[in-house]
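Should a chain be cited, it is by its letter among A, B, C, D, E and F, assigned in written order, with residues numbered from 1 in that chain.
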């Protein structure tokens, strides 16, 4: 009954959230989950104490093919924005 | 030293949190972690701007057998509530 | 193009956050992500209603060797603090 | 101006939401403001109560309560048989309209004060009384038609209600706890004990209500979008039902000999639909009901309808049919 | 004291941030305070406007706007050719300095009130007017030199700006929406409608501004650390540019026959750099610009410079060059 | 009424927590309220200080501090040898009781004001002074018996304390920073600079304190549950220790010739146990101590004990043993 999926997790600047979701719409991705976070990376400390220094984690469960296309769609953001995209295996149970 | 476990992640409406935890209690699950999130799915956009449109992510590390029973216990909620349950492999280190 | 990494996720008391990050600095770990959460474990319910009962989830993407060293560095905190460290496989895409 | 300027804050929030502005009021602020409003209203009512003989309210309370329960009883068959909604949805929506809206009440009080009409602060006791019974009635209505698990509906289904859990949710739910808690603290504190906390709980009230209305507008905007697909019947219901309820209110007020100010408030209470206590309670107790329908109707249509059209009408009705 | 004591709250926040204290103001509170300040300023301006003939402002508005646009036009070449910054960074920073800071304006108002100088509440209309045009100008400047995708820069690049999306962000962005929304509500409410919400929006203003300054200090501290590596030029720019802008302001005020109070406020508006609307808008519209530079300069240097040095100078300039 | 009505807010929060109501005050609001209270108290103290010769406080401060350090010194052996608690727990709890509670102090001030007793605003200087030294003493006590890593305890262990880090946490910890920062700003602003921020920092104080008490009740409820398993000794300690400390306070006040009002406040300070600064500091500095014990005792027992029983007793003691 459980189906094999990919979980794509996108860590990025909070201001990027609407732009990422616009990509979802273009790719026909309906489901996603967003949560607020903070952190540190090559773009320095992002302490989350105001919107300009806040990060979000955006998670998408989708099949392998779609996850590949999603990665490609996010590539252009990587140059100018703090962005980290990771992928892992999950079983989806409903 | 690291033990193989399953991580069950439950994305659901915030109002469901106490009901899900009641299931944990029935199954004898002690440990869990909850965080606030928002998102979109088949039940539409859940923007998190008030409690009725907020989601939570509930994570449970447990063994395979228990994760199976947990999935079954959550099944009934799937009909009426926004709910997504996924499972993945993790090593627990303490 | 995607590289195989380990994702180390640390669930712990919020007061521990600066101490954990000090360990990162010692180990030369630059990137990490923190989000607020609550939960329950062997140290009881942590409801997140004030700082002393709040938890954080700290995530680090790194290679296997570093993840091993990170685990070791966190070991001493396990005795006195609420702490759960888990590890899983991820592909990092940029 | 025919309505109080603070309702413009609702419009501003609505505009921000509909225009997809990046304006967002953090959920923590929404929670804090709703806690504040419930407490402040309870406190003020309690202080007023401490000036009157309590006993006097007991008789009228029973009648106000009984008449209030007419509203879900009228609404349910209309929704079920005219609107052809599922019976879970009918029960849930009926519960929302039988319960009351704290913010609508507050705007009505502000309107009366602007027009310098007298009203009694203890009217908030009715607000507290009316909040919950309709929710219980809604659950009962939902269960009466419940065929789940092939165990048969009708009266037999009532036995399957978790009465204990329901009662707990009703009496220890946030809104009742804060309203009644505020009433008791206000009653105990009296005018003198209230004075040092009045800068926060009284003087700041209308300004913070304005901020809450801004937030309500934002939330309502997202609800209107989800609601649009559900057709004209429910929109019509959400505008006619308050008028019917207000008539019940004016009749009850007349029967009880209320002043025009108190009568306008009672009509507003009856006409208002809940969107703080009811949605959360119904989501748990009647999960089969679609919250987009009930919240869309109560928050997306009835709430602004009451703000801009309803309250002026109820005030006019009170002036016409009740003694000065 | 030469400056208003509320600026000490900024210093306290700065100290807390630089000393790595565990003091943290939750992001939700930061958001709520900034919403409050924008609304409160808009409301107050609207109430003032309702007392004056609106038409009178139209002519001067055009001149204030045109003179204000001089600022990014001066700043851009200085940043690009003297500072040798990338042209994206030059455009973004120029936009920040062409836009305005609500908090700096508020501190200037507080300073005038402490010194009991007259000024007109409708000055906030200029605040609202000046917020956005410089941001659009900044995007245009950025695109004019844009060689991306080998499509060539210059005027041709302008065609590639998403004008619709930019306009949407400008007019429905949080700050403009709240400022203009507040102005309209205040105008509609008038003095009488404003009174019941004044305890929150007027009397509490300065105290809440103090809390916001505390938070600004914390944020500025984190920015100063990131900024330190960018050298002396930008620090110098961030202190000289406001003085230049203030001179433009005083000249414009003199040309328009403003009173000294109004002139000091106009100079402050010109001299102030945005850190609420501009950073978010530029991050989306000109992603190639490094926000550490623009926010570091505007919030880390210019904002405290204006608080402690600038405003007293602008007030002195106004007293010297403008009629009482 | 024998106690100020605002303590009823604590009871309401406690009831909500114990009855598992869905009432939750967002963590961001809790943080914001605690920041506000610390700043407001500091500011008020600073304004008062600006009216008195500062020098006058120096001598008495040393004595108040020295007498205050008696409290952890008394508490530690009782906890260790009578209560048979681990020596880490004894040290941590002793530190909590040696430090002070801002909210308890505020309720005592409110009680005095309701009874129209005179007291001096500069008492808040003692509050700031007493907050931290007991925490350092607690760490020293913990380390003196520390056998960790087989390196031996006793005085040798003291060398292993990270003095720099501890001092940093003490002086740049949130509470000290806001209290002292508020004191200095208040002192610099004086009565005249304080006036425009007084609607927020003075008039709103008691109302916001009421809201904080509501939240404290919620938090205390969760602590009481965790605490129940730890037996009668600690509950007894948490009610007797404040009385002992208050006696130290009254004796010190008498020795220093304090007025009854000031003496009641000093007794309250000594009797109160910290639950803002101490828990966080002890969790880091003495990780072996179980926070359920120290927070359960200080917040779950001593805090309500002081609110409902202690403060009236200390006021009575002050009236009996100190000059008018």
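Criterion: contacts are C-beta pairs under 8 Å (C-beta built on N, C-alpha and C of every residue); 3 or more make two chains touch, one makes a residue touch a chain.
In this text the structure is predicted, and so the values were computed from the model without any measurement.
Engineer: Just to be sure I understand the contacts, which chains border both chain E and chain A?
Structural biologist: Both chain A and chain E are touched by no common chain, going by the contact rule given at the top.
Engineer: Which chain lies the greatest distance away from chain D when centres are computed from Cα atoms alone?
Structural biologist: Max centre-to-centre separation from chain D belongs to C.
Engineer: From the centre of chain B, which other chain's Cα mean sits the farthest off?
Structural biologist: That would be chain E.
Engineer: By the contact definition above, name the pair with the higher C-beta contact count: B-D or A-C.
Structural biologist: A-C
Engineer: Report the inter-centroid distance (CA atoms only) between chain B and chain F in whole Å.
Structural biologist: 40
Engineer: Quick one: chain C and chain F, Cα centre-to-centre, how many Å?
Structural biologist: Averaging C-alpha atoms per chain gives centres 33 Å apart.
Engineer: Distance between chain C and chain D based on Cα centroids, please, to the nearest Å.
Structural biologist: 45
Engineer: Send over the residues of chain B in touch with two or more other chains.
Structural biologist: 35-36, 88-89
Engineer: Considering chain F alone, which of its residues make contact with at least two other chains?
Structural biologist: Expected reply: 24-28, 31, 199, 204, 280.
Engineer: Return all touching chain pairs.
Structural biologist: A-B, A-C, A-E, B-C, B-D, C-F, D-E, D-F, E-F
Engineer: In the complex formed with chain F, which residues of chain D make contact?
Structural biologist: Residues 26-28, 31-32, 35-36, 39, 168-169, 172-174, 177-178, 181, 184-185, 188-189, 193-194, 196-201, 204, 280.
Engineer: Under the definition above, what is the set of chain C residues touching chain B in their complex?
Structural biologist: 9, 11, 35-42, 55, 57, 71, 75, 78, 83-89
Engineer: Any idea which chain E residues touch chain F in the complex?
Structural biologist: 1, 4-6, 8-9, 12, 15-16, 19-29, 110, 113-114, 199, 203-204, 206-208, 210-211, 214
Engineer: So in the complex, the part of chain B that touches chain D is made up of which residues?
Structural biologist: Interface residues on the chain B side: 13, 15, 19, 36, 44-45, 47-54, 80-81.
Engineer: Mind listing the chain E positions that touch chain A in their complex?
Structural biologist: Residue positions touching the partner: 24-25, 27, 30-31, 215, 218-219, 222, 226, 279-280, 283-284, 287-288, 291-292, 295.
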